[in-house]
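Two complexes come next, and they have one chain in common, chain A, joined by chain B in the first and chain C in the second.
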Partner chain A sequence: MTSVITSVCLLNYKDDSNLLVIVIDTNPFEWEHPSAPLKLNLALKHILAFMNAHLAGRHDNRLAVIASHVGASKFLYPTLNEPTPGSKVQTKKDANVYQVFKVVNDAVLTGIAKLLQDPRPTLEEKDLGSSKIAASLSLGLCYINQALKSDGMGHVKPRILVLTVSPDSSSDYIPIMNCIFSAQKANIPIDVCKIWGEDAVFLQQAAHITEGIYMRPDDPRGLLQTLMFSFLPDMFSRSYLHLPGQDEVDFRAACFCHKRIVDIGFVCSVCLSIFCSFSPVCSTCRTKFAFQPLLPSARRLGAKAGASNPGSPRPSSSSTPSAS
Partner chain B sequence: MSLMWDAGESVKTQAEAQFRKRPGTAYLTNRRLAWVPQGGLAPTVSVKHDDIGGLFVSAEGAARVMVKVVENKTNTSHSFVFTSSNAVRERNEFKDSISAVLAERQLRANAGTGAGTGSGVKGSSPAGSPSVSDVSTPGTPKMGPGQSKMSGLNGSGSSSSSRTGLSRTGPSAELKLRFELLKQNKELATLHKELVMGKHVSEEEFWESRKHLLRNKAAIDQQQKGQSSAWLDLKPETGESNDVKYVMTPQVIHSVCQQYPSIKRAYDTFVPDKLSEAEFWKRYFQSRFFHRSRSGRGANEPDDDIFDRALEEDEEETKSAPKRIKLDHINRLVDLSTTEEDHFESYTSPDSTMAAGKTKESKEAMPLIRRFNRYAQRVLNSTVGPRKPFTGSEPFNMNGVERAIVLEDLQEQKEASKIMLDIQDTRRYFESQGGEVTSSKVPEAQHRGDILKQFYKDFTEHDVELNRPFNIPDTTFTYLMKNVKVNRARTMPPKDGSQVLPPQLYQDALSCHAAGNEILRHFWASTSADKAAKHTRMVESLKKIREENINSLMIQASSLGVECLDAIKMMLKPMGEAIEKALKQAEAARLKQPLVRKLA
Partner chain C sequence: MSKFQTSIHEYLETLPLQTFNRLYQKPATCLAIFRLLPPLGKQIIMSSLYVDAPIPVADMKLWFKESTGLAKHKEAMQRLKALNIFADERGNYTMNATFLEQFRNALTGGGNSLSFGLATSTPDKHHVDIAFLDDYATKQWEAILHFMVGTTEGRPPCKGVLNLLGRSGLMTGGPDTPQSDSMDARDFANQMARQDFGVPKITHKGFQFLLQDINTQVWAFLLQYLNMAESLNMDLVEVLTFFFQLGSLELGNDYSSETLTPTQTHLLEDLKAYGIVYQRKRGSRRFYPTRLATTLTSGTPVLLGSHTNPTKLAATAAARKAEEEEEDDHGFIVLETNYRIYAYTDSPLQIAVLNLFVHLRDRFPNMVTGVITRDSIRRALSKGITAEQIITYLTAHAHAQMRKNSPILPLTVVDQIRLWEIEKNRLRPVASWLYSQFNRQQDFESTFEYASELGVVLWSNQKRRMLCVSTEGHQAVGAYVRKLITKHREQQGQQAQQHQQHQHQQQHVTSVAS
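On to the complex of A and B.
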C-alpha cells in the first residue's frame, strides 16, 4: 500500500463503529474428512473468541454471523425471522460471562446445531462438496445494505470475513463474481481466511478486488492467533498497520478449450469465453461468428489488428474480466 | 484597387511595406511582385516573376523586418520593409510565396523544355497561361490554390500558407530549426552532444529519427500571434521640462488606423505627399480629435481642417446606426419574431440600449458601444477574415426544419438485434481461472447421510469451552511475522540510483543510458543489407559504449562505495544486456554473410 492509498484510507475510514459480517463455512464433507486438521467445535472455539474480541473492541461494534452450509445458507446471529434465542439464553444465566458475548456464542452454537441436525434430504450431485459461499455473501451484502440504510449517521463501517475450508465451487462462478463486484462498488472489503487446503482462487480475487486481506494460515491449530493478528484491526487501523496478507494474485487466464494459460487469445464477444484458436461457433454460448478469422500474420500483431474488427473475438491481453 | 492590375492578374498576398522609406503596399500577384506607394494608384515597382533572381530575408528577430528581391535583368535589388503590426507573418507569407515561385521556375527549368526563363509567361494577357501549361504541367495547377485562397478566405490563409511554407523550407532553414531545438531542449542537447560529438552517429542520422520534432518546431514557428484586441491607450511620456512626448511605433500607428478609419483615410490622403509623417502625427496629437476623449481640453485646441474633418466623419460614423442587417436569411429555428404572437405575456422587456433616442443613457452610451463594437469587428476581421456571405446551405427549407424538429426521444425505439446469452456450462469460466474442478472428496466407503450424522454427533457431543486455554503453535507467530515483513518490504522499494548516487554521476549514467538506447535503435534499424556500412559503425559504437562509457561509470561508482556500484549496476544492467544481445546478433550475421555470398 503506497502512501497515497494510505491517505485515501485515512479519509475514507474514521474510527467508527464496525459491522463485521462473518461467513463460516460448515461444509460437513470437509470438516468431517479424515485428513481435516481441525474439528468444527475446536475451530468454533477460536472463532467465538475472535467474535468476542471484535465485540469487545468498541461498545458499538456490531456483528453478524452467517453459516454457509452445503445446499443452504443461514443467519446464525442475529436470527432474523425466528423468535430470538434470548428467552432461552436468559434461563441459563452465567454470572461470569459478559451478556453480549453469551448471546452471540449461544446463538451461533445453537444455530449450527440446528443446521446440522436437519440433514438435507435431497443432496444433488452438483451440490456435493460445494459450500454456498455465494449465497452467504449475498445475504451478508444485503444485511450490510440494510444496516447502512437504517444507520442515519452513516458511521457504520462494514466489512466481511469469510472463513472457509471448501474448495472453489465451479457452479458458483457467476454469483460469486457478482457478489465481489457489488462489494467492490459498495466499498465493502472482503477478508478471506482459507483455514486449510488449496488456495481459493475466487475468494483470493475477491479479497484483492475489494482491498481485503487473504490469508491461508500455515497451521490451522493457530487459527485464533491468525484471526486476531490479521482480521481484528478495522479499516481505520489498517491504514496504520503492516498486516499479513497475500498481495500477489494469479490473474492469468487459461483458454476454455485446453486449459492452457494464454497471453493472446480469442474472446467471444457475447459471453467473454477465451479460446486459444478461432472457431466459428463459440462452444460456451453457441454464438455463431460469420466472418473469417484474422490472418496469422495479423494475429501476431495483437490487439491492434483486432481493434479494426469490432465485435470479433479479438485477441486480448491476458487479463480476465474479473481483473479489470 | 483592382484597376491597376492587368487582366487576368490577381493578388495573392499583400502587406504594408516601406520602399525607400516611403510607406506603401507590396503586392504579390500571380504574375509579378509590385509595390504601390501610399495613396498611389499604379505600382512604382514591378518585378515579373521570371525576373526575380534572388530573395533575401532579414534574420528572424531583427529590428527591421524586410525582404530584398534581386531583379535578374537589371541586376538591381529592391528592399521592402514590412511595417504593419504583424509584419513578421506578412513577411513570411511573402517569402514563402516568392520562394514557391522560384521553386516552380526551377522545376520548369529542370523539365528541360528549353523554354528558357519562361518566355511564355511574359505575356501579360491571359493568353499567356495556355502556353505555360504546355511547357510544364506543374505550373498551372500551382496557381489554382493560391487564387482560390485569396478569393475564399481573403487574407486569413495563414494555415494554408504555413503548410506550403513547411514544405518549402530549404536546408538552411532546417539547420536553423535543429539549432533552435537543441537550444530549447536540454535533454536533446546532451544526447546530441553524446552521440554526434562522440562520433557515434552522424548529424543526419541523429535527426533522421527526430523528424517529427523538426516538423513540430517548424509548425510552431509558423504560427503567428493574432493582433491584440486591447483598446489602444496612448499615454505621453512627460519629459523634464514638462514637455510631452508620444512615441509612435508602426504598431501604434496601425492600431490608431484600425481604431479610427477616418484617421486612416486622412493619413492615406495626406501622407506623404502633402504632409510628412512626423508632421501628420504632430498635428494629430494637437488636434481636437485626439483630445476629445480626454477631460476638458478638447475645446481649447486650435482648428485643424484635416482632423476636424476626420472628427466629423468619425462622429458621424458612431452616431449613425449601423446598416440594418437583412433579416430574410435568419434561421427559422432561432427566429424569435416568428413566434412573437405566442408570447404576448412576457416577463422581460425588450433591450433598448441600442435603440436610438429612447433613453438618456442610450444617447450617451451608444456612440461608445458602437465604437467598441466596430473596433472588435475590425480586430476579428483582421484575424479570421470578414464574415462569409450567407450561402444558404443551412436548413432553411422546410425539409431541414422538419428534420430539426424531429425529437429522437419521441421516435419509436427500434429493437436492437441482440444475441441471447445462453451459457451452456458456467463451470468453464471457473476452470479457465481455477484450473481443474476439485470438489470435496467423499470417502467412497461412507454414505453421505452417515457423514452428516457423524458430523452432528461430533459437534453436539463436544462442548465448545471458551474458558480453557488455547494451544497455539509457536510457528503461527513466526509465519505471520514473516508474512508481514514481506508485505512491508514490498511497500518500501529499495533505494535507486537517484537517491544513492551523486547528482553528476546520476546524470552521466542517465545520458549514457540514453545514448546507448539511441545507438541500439540505429543498430536495429540498419540490419538490412543496404545499410551495412552504418551497421558496422553502430557495432563499433556499441562496443565503445560498453567498453568506455559504462566502464568509466563503474569505476567512478566503485570509488564511492559498494552501494553506489550496486545502484549503477542496477541502472545499466538492462542496457548492458541489450548491447550484448545486439552484438551477438551482429556476430551471427557476420558469420552468416560469407556463406550467403558463396552460395550466390
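On to the complex of A and C.
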C-alpha cells in the first residue's frame, strides 16, 4: 500500500521541460577592449552552441535570449514586437540544421547585429552604467512569470543565466537587489557566468541568494566547455551532480546616496536603506533622526568610517544589509 | 511514455556496432537518439562533448554526488554503452568518434548530410495547412483504431496496415483482400500471414495497445515495421534514419522527396497509410509530415492537437494552445471519488475503449456515464490489461477540469484499482523441489536445518515432515540427503531397508499473501 502511494508521489518529481532565459551582456566597450581575451563574435559561437545544446535536451525545452546592451536591453529571442511571418519566408531552409536551432540562432545573430549597428552610445552613458543588467533581469523575470502563467500544468522549470563581462555598476544596486529577491521568492535560480574580469559583487550575491551557480572561468577561451559542464544541467540533474559552488561571497552593498560600494555604512532603522555618511533625514522614507551619531572622526577610527557603537541604538552598522 | 522509450531502446540495443556506426552518420539520428536518453545520460554527453581527451572512469565518477548520483551515473552509463555512444577502454571512457563528430555537427549546423529534411525550393500549388494535416493524421490513425475495435465508422485500412496488425499480434486474422497483380515481397508476406487466419479479431495485446497514448501506439507500429523490414530485406539503417529524420521536421512545411533513397520512398508510401506523412498523390515530389511524425522523437506523450510549436512566438503559442485545448477531444474523462466516470464523447472508439474497464450505464448524445467496479476492472485484468495501463489512460484523457487537481485522478480510485490488481496476483508460482517421507524426525530436522542455513527453504511442515526447496538449493540439499541415507545404511547394515527417501520433482505453488 505504501509503495503504491510513494510511486504516485514520485511522479511529481520527474524532470520537466526547462525554460532558460539567457541574459547576454553585449557591452561593446568591454568586448572590443584591446585586452579582451575573447571577442564577441567568437563568444557568440560558443553561446549559440550552448543554446542549441539546451534546446536539444528536450523537445519542449524553451529559451529566451535578452541582450543587455549599453543603455538598453532588448529581447533577441523570441522577438515580441516584430511580426515573424515576413521573416519566415526570408529564412532559407537548410537541410543540415535542425529547424528549431536555426530559428533561434538567426534571431539572436540578427538581433545582436542590429544592436551593434545602432549609433554608438556616448561616453556619458558609459559613465552612468556599464550595461543594463538590472533591466534585463526584470525583463527575464516578467517573461518567466508570463510563461508560468500561461502554462496551466505548472511543469515548466524556469531559470536565468547571466553571461556578463562588464564590471558592476553601483547605480544598479537597488534594482538588481529587487530582481534578486523577486527571483528568490518565485524560486527561480539565477546562474551567473562572469566571463572575465573582476568578480561581479551583486551578481555573485544573486547566485548565492537564489541558489544558482556563480562562476568565473579560468580561461575565457574555453567558454563553451564551462557552459556545457556547469550551466547546462537543469534543476533535476543538479540534484545528482557536483557543480561549482562559491567559497566566499562578497556581501558588500552599495549606498543609496552616492552609489558607492561600502564595507560598513549607516542603515536606516525604519526602511533599512544604506548610506555611506550620516544624514539626519533618511532620503528614502523621510524618517528624522533626532540625535547625533558618534562620528568616527571623534573616535579617531580613521578610514573605518561609521564603525559601530554598541552603546548607541543608531546608527547601526551592518556588513550584511542585504540579509533579509 | 516509458514503455515506448524502453521499447525503442531495447530495439536499438540489439543492433550490432556496425549498424550504430552507420546510424550515427546522420546528425538528425544522433539528435533523436540523444533525446531518448535519461537526463543524466544527456548531461554526460554534453559535458564530454568538447573534451578532446578520453575521460578516466574515476574522474567521471567525481562529477556525481556520492549519495544520490552514483546510482544514476551507473544507470546512464549502462545505456550509453549499450547504444555504443561510449566505450570503456583501459579505465577511460571514450566517445564514439562518429557520434561525436555528427552530434557536434547537429549542434553547430556543420557538415553536409542533409539529414534534417530538404525543404522544397518552390512553393506548393496545392499547399495544405496544419489544420488539414491534423485532420488527415487523426482520420488515418483513427481508421486503424476503429477497425481494431470493430466499429463500422470510416473505411477499412489498407492492406499494409492489416498485414501489420496481424503480424504484430494485435489482431488475429485478415480479410480476404483481392490478390494484387504486382507480387512483391510485401504481398508475399501478406499472403503468408493470411493463411492461418480466419476472421480478424482483436487480441489481448490489441486491447492493451488501445489504452496507450498515440505516441506509444505509433512507435509500436513502427517497431513492428522494423521487425518486418528485416524480413523484407529493407535496409534497417535507412528505415531508422528516416524515422528519426521525420521527428526533426517541422509541422506545416513541405519537404522534398527527391533526396530519399528507393527504400525510403517505399517507406513513405507505407507511412502515408498510417497518417504519419501526407502526400497529395502517389509519386508527388513533396511530402508533409503530420503531427504524428513531428512528435515521434519528442520523448513525451503529445496528444494530437494540443502541441505547441516551439518555434512560434510564446505569446501566440500560449493563446493557440488554449484554443486548441478547447477543441481538443482528448481530455474528456471526469472521474469522481465514488468511482463514477463521466466521459464527454460520442466517438464509438473512445466508448469501446472505456467499455474495456468501465461498467457503462447511460449514454447521452454527447456523453456516457459509468462506474468502475471490481468486476469491470477484473474483466479488464483478465484480458491482460494492467492497472497501470488503465491509470495511464485515465490520466492522459482526463478532462481539463480534472487536470487542475493534483494528483489528477482521485487517489482512492487509483489505489483501489491497483489493489484489485494485486488481489489477482495472490498466487505466485515458484519452481521448486519437494522432499517428503522422511522416516525419522531427526533426519527431517537436520535436513531442514541444513537447508535453512543455505536459505533455500520455501516452505516446510514439521508434522508431515515435508520440505520445499528452491531449485538453486536442490543440488546441495539433495547431496546432503543422499549422504544421510548412506550413513544410515552403513550404521544399520542390511537391517532395515525401509528408509525410503523420495524426492519428488514437481511444480510447487507457494501461496504468498500480498
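What we mean here is this: the second predicted complex is superposed on the first by the 231 of 324 C-alpha atoms of A that agree within 3 Å, B and C clash if a C-alpha of one lies under 4 Å from a C-alpha of the other, contacts with A are read in each partner's own complex, and residues count from 1 in each chain.
The rule we apply is simple: a contact is a pair of C-beta atoms (placed from the backbone, for glycine too) under 8 Å apart; a residue touches a chain by one contact, two chains touch by 3 or more.
The model shown is predicted, which means the values in this text are computed figures rather than measured ones.
Novice: I'd like to know which partner A:Ser150 touches here: chain B for first, chain C for second, both or neither.
Specialist: Touch partner of A:Ser150: chain C, not chain B.
Novice: Regarding the shared-chain residue A:Ser73, is it in contact with chain B (first), chain C (second), both, or neither?
Specialist: neither
Novice: Regarding the shared-chain residue A:Pro233, is it in contact with chain B (first), chain C (second), both, or neither?
Specialist: So A:Pro233 only meets chain C here.
Novice: I'd like to know which partner A:Asp60 touches here: chain B for first, chain C for second, both or neither.
Specialist: Only chain C; A:Asp60 stays clear of chain B.
Novice: Count the residues of chain A touched by chain B and by chain C, then name the partner with the higher count.
Specialist: The partner that reaches more residues of chain A in the superposed model: B.
Novice: In the overlay, answer first, second, both or neither for which of chain B and chain C A:Leu224 touches.
Specialist: both
Novice: For A:Tyr98, using the defined touch cut-off, is the partner it touches chain B, chain C, both, or neither? Pick first, second, both or neither.
Specialist: Second partner only.
Novice: In the overlay, answer first, second, both or neither for which of chain B and chain C A:His242 touches.
Specialist: Touch partners of A:His242: chain B and chain C.
Novice: Output the chain A positions appearing in both contact lists, the one against chain B and the one against chain C.
Specialist: Dual-contact residues (chain A): 1, 45, 48-49, 52, 96, 105, 224-225, 229, 242.
Novice: Sort out for me which residues of chain A touch chain B in the complex.
Specialist: 1-2, 27-34, 39-42, 44-46, 48-49, 52, 96, 105, 109, 112-113, 116-117, 119, 123, 128-130, 166-171, 173-174, 198, 201-202, 205, 215, 217-219, 221-222, 224-226, 229-230, 242-245, 247, 251, 253-256, 259, 270-271, 273-274, 283-287, 320, 322
Novice: Of all residues in chain C, which touch chain A in the complex?
Specialist: 27-28, 31, 34-35, 39-40, 42-43, 46-47, 49-51, 62-65, 68-69, 72-73, 105-119, 248-250, 253, 259, 295, 297-300, 308, 310-311, 313-315, 318, 321-322, 403-404, 406-407, 411, 414-415, 418-419
Novice: For the complex, give me every residue of chain A touching chain C.
Specialist: Residues of chain A touching chain C: 1, 4-5, 8, 11-12, 15, 45, 48-49, 52-53, 55-60, 62, 64, 78-80, 84, 93-103, 105, 143, 146-147, 150-153, 224-225, 228-229, 232-234, 236-237, 239-242.
Novice: Going by the contact rule set out above, which residues of chain B touch chain A in the complex?
Specialist: Touch residues, chain B against chain A: 419, 421-443, 448-449, 451-456, 458-460, 462-467, 470-473, 475-477, 479-480, 483-484, 487-488, 490-491.
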